[in-house]
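Each of the next two complexes has chain A plus one other chain: chain B in the first, chain C in the second.
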Partner chain A sequence: MESGAICVHSNMVEDKENVANGEQVSKKGAKKLAKAAKKAEQKAETATAIAANNAAGDSAEDSALGRYGLSEMIQSKDKRSERNFVAVHELSSHLEKGLLWVRGRVHTSRSKGKQCFLILRQQSSTVQCILAVGDIISKQMVKFAGNIPKESIIDIQAKPVSVPNKIESCTEQTLELCVEQIFVISQAKAQLPLQIEDASRPENADDDGLNIRVNQDTRLDNRVLDLRTPANQAIFRLEAGVCRLFRDILTEQGFTEIHTPKIISAASEGGANVFTVSYFKDSAYLAQSPQLYKQMAIAADFDKVYTVGAVFRAEDSNTHRHLTEFVGLDLEMAFKYHYHEVLHTIGNTFTAIFKGLRDNYSREIESVGQQYKVDAFKFLEPPLILQFSEGVAMLREAGVETGDEEDLSTPNEKLLGRLVKAKYDTDFYILDKFPLAIRPFYTMPDPSNSTYSNSYDMFMRGEEILSGAQRIHDPEYLIERAKHHGIDTTKIAAYIESFRYGCPPHAGGGIGMERVVMLYLGLDNIRKTSMFPRDPKRLTP
Partner chain B sequence: MESGAICVHSNMVEDKENVANGEQVSKKGAKKLAKAAKKAEQKAETATAIAANNAAGDSAEDSALGRYGLSEMIQSKDKRSERNFVAVHELSSHLEKGLLWVRGRVHTSRSKGKQCFLILRQQSSTVQCILAVGDIISKQMVKFAGNIPKESIIDIQAKPVSVPNKIESCTEQTLELCVEQIFVISQAKAQLPLQIEDASRPENADDDGLNIRVNQDTRLDNRVLDLRTPANQAIFRLEAGVCRLFRDILTEQGFTEIHTPKIISAASEGGANVFTVSYFKDSAYLAQSPQLYKQMAIAADFDKVYTVGAVFRAEDSNTHRHLTEFVGLDLEMAFKYHYHEVLHTIGNTFTAIFKGLRDNYSREIESVGQQYKVDAFKFLEPPLILQFSEGVAMLREAGVETGDEEDLSTPNEKLLGRLVKAKYDTDFYILDKFPLAIRPFYTMPDPSNSTYSNSYDMFMRGEEILSGAQRIHDPEYLIERAKHHGIDTTKIAAYIESFRYGCPPHAGGGIGMERVVMLYLGLDNIRKTSMFPRDPKRLTP
Partner chain C sequence: MYELKTLLPQFDIKLPTCMYELKNVSLSADPATSTSSGGCKGQLRLFQSKSEFSSSINSRNSVTCALDLDILGRQIQHLLKQDDTASIAMRQEKLLQQLEALKTQLGKIRADLGVCGKTVQHTTAYQNGGLKEVPLQDIVINGHPNFIPYALLALKNAWRDLYTVNVKTFTHSTMADIGPAAREFEAKLAKVPVNNALPNINVTLIWKNCEHTEMISSPTMYVPIYGEVNVIRYLGRVGPVEYRYEGSPLCNEIDLVLDICYQLLRCSTHKAQVAMVRLLDKRLQQQQYFGGSQMSVADIGVYSSLIRIPAITDKDLTPALLAWRKRAKLVTQI
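And now, the complex of A and B:
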């Protein structure tokens, strides 16, 4: 900032409001006018400016009185429709068009003699603002502007002016705002629990440890501030994009959105890791997955369904990738003859999401990249599909001992991701035909090899983000498989009953939304992609 | 059905599969061929047909063997990509184009001598199918088709043929299917807890009480069957449309979708009517509204946000319009000077939803209308906005005694809806400026009349579907108002703290999704618009 540009106020334009208030400020007679103006303002029903409490005696000589101050609380007293607000990122198209209004936050502010340099932030956009003592700006006004606490919301009336040298510290680099009025709309505390500047600092900055880092708990404890960093603004806008793409792509293919209950009478996956809810005089549980309900919707002729909603896991896992509450992107689909009809639909949905993010969210990806190291996400089209047994072979070739029917451990999952990346140059792949023994009882066994099953996981950067399968739609076979797993079939009678009225073969899967965003961006912790994360130790804010 | 049309099999075409199986069926030598065919089929790895167990001795003479039967469970053995499946509602464009495959449910089936008339249902579409004993169809096959339990899922290979007389009982009225192969894919129980025909019967049918009605609990207990009625298929497709429209309209206007936690550490609205969750060694609550989190997102610079998700109310209300868990369509928006910027945004969102439903869901609205009496939903553009005091005046004019600061009782709400409808011809309106005394502490008082507040409700057919307000964004004033309401401010310290780092003025509201669908369609019970409703007495399915 402070590129040396000077504001020239040669074409001073009074805005309507000032004229209406009868303020015709000049150096001569400023004192008299100021008094009159103050009186008029106090009377005016629509007055919003409360004079700043500057050093005693100064106010009498303040030529800028009424042009700055603390606004009274906006209580919807009037509509002020005459104020033409412009967004910061659109300022460049308003150059040389005279005065306009901008509302934003004080990102930084510093008065230095007769000037005040202030960076105004609006979401991820920043612009330099300048106040220089002169015909319009008084020294009290400069002082006032320099003292506004960071993060306060202000309204400024200003002229956008081109600057000769790029302003490197702002997103708007070719212009600055010459301020003529400045009012505080909502004042922030002087002492902030964290500085946006610190919270925004690039992780890989070569700073010899001299710069302040904000640790994760401080961030999450003060999420309202932390979310204001450019990276966080981008992460959650991209996250909204993931949901939108997921829904739009599936809607386009004839899927119907459904809503499934979160409070359920029986634990959906056997009773472990489930939260209990008091339900009037009874007890209930929080759903660990919408699966039963998706399957019921299939049995009820909805053919292809998806649901986006909260999923709960009472798992005491304190890792980088576990949350106790997350957003599930779940889908289920009837098929004609082969579950690969579904597997390909899901795989192609991921491809379309990756393309949509790449094409429509490049600005957000770049923003995140300015703080965190982000390698572009690579994917193949159509997606790579490997057999579980091929994955095992690749691991063994790399020297890992693992059984044919052994589930992938987290380190093996990660290693396989690296091996696949090295061999196929993709960050996304599908692993098909998991061993039957390690999948839930309702998983359809592979008809040609009883060791395996018609089930699959999908991976991003070597971490599982979807687990799915063909489900057994035949009630008698379901009972047989449940018994094989030692499950008390009386406890799942309602589930089994759903298939007694004719049910098409179907398959589906559940995606952890936060994981998709974390892994797409290559972030290291799922708490970075949950706006208000919940884990065994965190229930606030 | 049974319009008298006769299937003519003059151009018998063998499909690939039969040729592959070596079946070249004719009357002469049928016995021999049938045996060979059976043997071949048993050996064939891809065989799916299991011969139907007909009366002893019959099978030897069955010329249609291999053309019908119970399919073995579809376990994704092969992909059968040669089978060209056609959707029932697209059959008319396949007339005279030869054989095709259709998968659907047996809606009804009846064999009558040498013929079987079967209605095949696919979601809301139905088509008549006919099997007549002849070159292709044996009498055993006719018998088999007539005995398939209703609601079973079947695959048929058939030729679509025009019929001279409209088939009134089907949605496809100008054609029927001449079946050549029929296989049961998933067999339903012979005894169903409810008949789709009964569950689909028009409510206003003039039947002298002779027809069976299905009561609501039977429907909900057997939701997988109940959801198959044309009205239910339409209701939940339209409901998906409401969500899609809500999101698309707001996204278009720069809103960002967010996700808010359902498990919270403190009861959001004072502790009444809240479900308690056991959270590891602690206790937590289920969120009654995402409001605090929407407001935090506003304070965190997201400017305009919406969220679609589960909302929980532990209210022991057993009415037609209360659920303990429902889907909230919530939005919150920063504004510049007047909360009407938000009120108009919400009002216009409703208008756009109503137009979207009218224009894109007319088929669904018609389907619902065939079972339930639906008056077209009327709305004005722009929407009607009345002051609360005007509403009170209208009620008083109609002879109702109600205080200036008294909340609207449910009967008064309903009555006011009728009065507004009579006077303005609209089923949707906005009531603005509710008395301050009856709104929550965080509601911004009206700056010009301390009796009122900057808050509003919106109504559809005389029932509230949105409640909203400008929220107090000034922490000191919030404390003052909380104290005025006798609230212990230490318990809402975190909420108040959110506004200490600069927060723009903002307003918002929450919409009950199921209510919108119920009232748009003019249905009488919210359980009709919740796929798996939850109320104090119902936690299943």
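And now, the complex of A and C:
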């Protein structure tokens, strides 16, 4: 009854609109126009119905005419504000409250004789819809619903009813929707390059069910479809959470967000792995790190700064953890007397991010966990800080020979991560006081032992995510250290020059957002946490 | 006899400055002859191996000194007369000792460098029967905030002037909140002054959602030690000599008391707990402390266990236990 009322009402609105337009011409003309419009509308409706009938091969009279069909392209003609749309995950609070509207995608649909089961998906939530031939629904309507291609966007008017048995295949397990009207808003191609079901199938090795997988390249080639899986929805919502927490936590501590240029004149680190871009009659480089600008902001009295932005690395490394473009979360901070003031700030920022994710993103973490089986991320509060020499001692105890001034190799890094996990049960830890020899020239040496430096790395699940240090803020000493490293000081003159007008002691570090998300969730590939990844072999989409 | 031609021409050897001069053993008695013997002056170089050393001495002797029996005879006479053999023997002994020390030192350098050789094995076996001194591992203790290991604080206080128990506390991500009691415990731990001059052990205490109090010392040999009393036993071994009980005649008694504590903590009913307290009273009798007149790890165990069970009030304790508790409180200060 209610739906009928709505239909009538909407027709009246259309009529009125036509009248309003017609008044400018003449009353007669208006009437004529209105009639014509009505006729045209009826014609169109019957045409679609006939088309549906023809397709069905059934010329019997359709009792549900006008309750289903392809909606005309929405060009913002009507507001239709009388249609009350409800989100799928809120449906449970609308039980037994009558008809309502839902817009979503057809996840699956199958018709069987007089019934059609359709799973409607809205982002990560799914709900089962049912159409059964009866007073309201005709045979043709059921057939139409069964033939809507997967991934099409539809509007349905339906009544939520609770079900006695849990529906295991949907996120809304306690209810289903009894459909009364169904309109296709945007139709998908009948043939999909990948099936969402396949792309979201759990990755259990010993699963004896269907074992169809979608490989990484197919996923990335059809990223728009791939991103619709519940796990991907969760990953990128969580990634947004990491950025938001990073910003919120640092802002609260008095940091200022800055934006640094990405097109620069000289390579900031080394020079081997920079992208060259043409810059009018000259060439320029893409920034590998905002470090120089962060430090200049410190020299310019911003005290504590952070930046979130793209970072480019022209490294031809095709590994699970390298991208040529990624989002860097960098921070730099002036301190009073000891760089541990900064170290603790960064460490506590991480702990706060992890806590925020644990407390506010448990739903996302869970839905990623349903597809990729991994252990929850564990951490300690306050973060565990080990000395580099302690780490080396732990490795030696495990039977690995590594030098005191030798950098950790990737296998050693992972082994140390496992050892720390076994002993302290934490996936996050900080290694302090790295050997001076393996650090860049601008790193401040340790005053008490010249083989070490005031530098630190942070690790998640045994992989390095942040590398930072106290920077030398004295220009003369900086020149001395640069010469010691055999660096041509004329090339870094601008960098040295920025410390000539007085600069507070400072330290900082930077992390790759994609890498942090990957390691937090325990995923195996960084491409899973970059929405449109860029690597040496991929520039599209 | 006929004279042999020397193999090397006689020349002055320029000695490097890193060598030192030793008195010529054989000629020291006669300063006149020692100066005359020239190149045979007892320059002694310290070589890496004894064999090399002796061979070079031999060669030099044969090269530069023609054997003169007359001179030798005279020297022996001299020596006998001055009765200097004892001091020479002593000097020789000292020299041999120094050589031995050098040898072990070199062996150690080799071992550190990772150079493997038979000589190294030889020296280490010679050294001290293969006993190696390993620095004490930092230990990790996982505890639930509902089962606070008060023994740590008790030991820290009791060992204040003997041994430093350096406790750092962390909260594991599985614990959302550790509660007021654990926070108070943390604050109390932090209050105990740290004396870096004393021998120490680093303890990492992690509040974690775990069933038992467990201790991990090495990640490579993951053999956790469960239960607070067993942690006490471990610390009792590595701690100050005054508290090491393995060698003491009271060893069994102390272990028995600690076992009672273990059972006491596992009792679920008040009745069973009281029964355990009675057992403890039986062990204490009229002694000052459990197992004698000295405070031991057994007292630490009983004291911290009783704190963990608030159900046991003063009413449940005998006068002897109450008196003991007062005495123990002076030491543990909880």
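Criterion: the second predicted complex is superposed on the first by the 476 of 541 C-alpha atoms of A that agree within 3 Å, B and C clash if a C-alpha of one lies under 4 Å from a C-alpha of the other, contacts with A are read in each partner's own complex, and residues count from 1 in each chain.
One rule holds in what follows: contacts are C-beta pairs under 8 Å (C-beta built on N, C-alpha and C of every residue); 3 or more make two chains touch, one makes a residue touch a chain.
Quantities reported herein were computed from a predicted structural model and do not represent experimental measurements.
*Asks:* A:A398 contacts which: chain B (first), chain C (second), both, neither?
*Replies:* Touch partner of A:A398: chain C, not chain B.
*Asks:* Answer with first, second, both or neither: which of chain B and chain C does A:R358 touch in the superposed model?
*Replies:* After superposition on chain A, A:R358 lies in contact with chain C alone.
*Asks:* Return first, second, both or neither, reflecting whether A:P505 touches chain B, chain C, both chains, or no partner chain.
*Replies:* Only chain B; A:P505 stays clear of chain C.
*Asks:* By the touch definition at the top of the document, which applies to A:I264: first (chain B), second (chain C), both, or neither?
*Replies:* After superposing on A, A:I264 lies in contact with chain B but is clear of chain C.
*Asks:* Touching A:Y339, do we find chain B (first), chain C (second), both, or neither?
*Replies:* first
*Asks:* Between chain B (first) and chain C (second), which, if any, makes contact with A:I185: first, second, both or neither?
*Replies:* The answer is first: A:I185 touches chain B but not chain C.
*Asks:* Counting residues of chain A touched by each partner, does chain B or chain C come out ahead?
*Replies:* Here the partner covering more residues of chain A is B.
*Asks:* So, does A:F377 touch the first partner chain B, the second partner chain C, both, or neither?
*Replies:* A:F377: touches chain C, not chain B.
*Asks:* Determine, under the contact definition given at the top, whether A:V420 touches first (chain B), second (chain C), both, or neither.
*Replies:* Second partner only, chain C.
*Asks:* List the residues on chain C that touch chain A in their complex, please.
*Replies:* Those residues of chain C that touch chain A are 114, 140, 142, 170-174, 176, 204, 206, 208, 216, 218-220, 222.
*Asks:* Under the touch definition given earlier, write down the residues of chain A that touch chain C in their complex.
*Replies:* For chain A paired with chain C, touching residues are 354-355, 358-359, 376-382, 384, 394, 397-399, 401, 418-426.
*Asks:* If we count contacts the way the header does, which residues on chain B are in touch with chain A in the complex?
*Replies:* Spelled out, the residues of chain B in touch with chain A are 73-80, 83, 85, 103, 105, 122-123, 151-153, 185-189, 192, 223-228, 232-233, 236-237, 239-240, 243-244, 247, 251, 256-265, 275-280, 282, 284, 286, 293, 296-297, 299-303, 308-310, 312, 314, 316, 324-325, 327, 336-341, 444-445, 447-448, 454, 470, 473-474, 477, 494, 498-505, 513, 530-532, 534, 536, 539-541.
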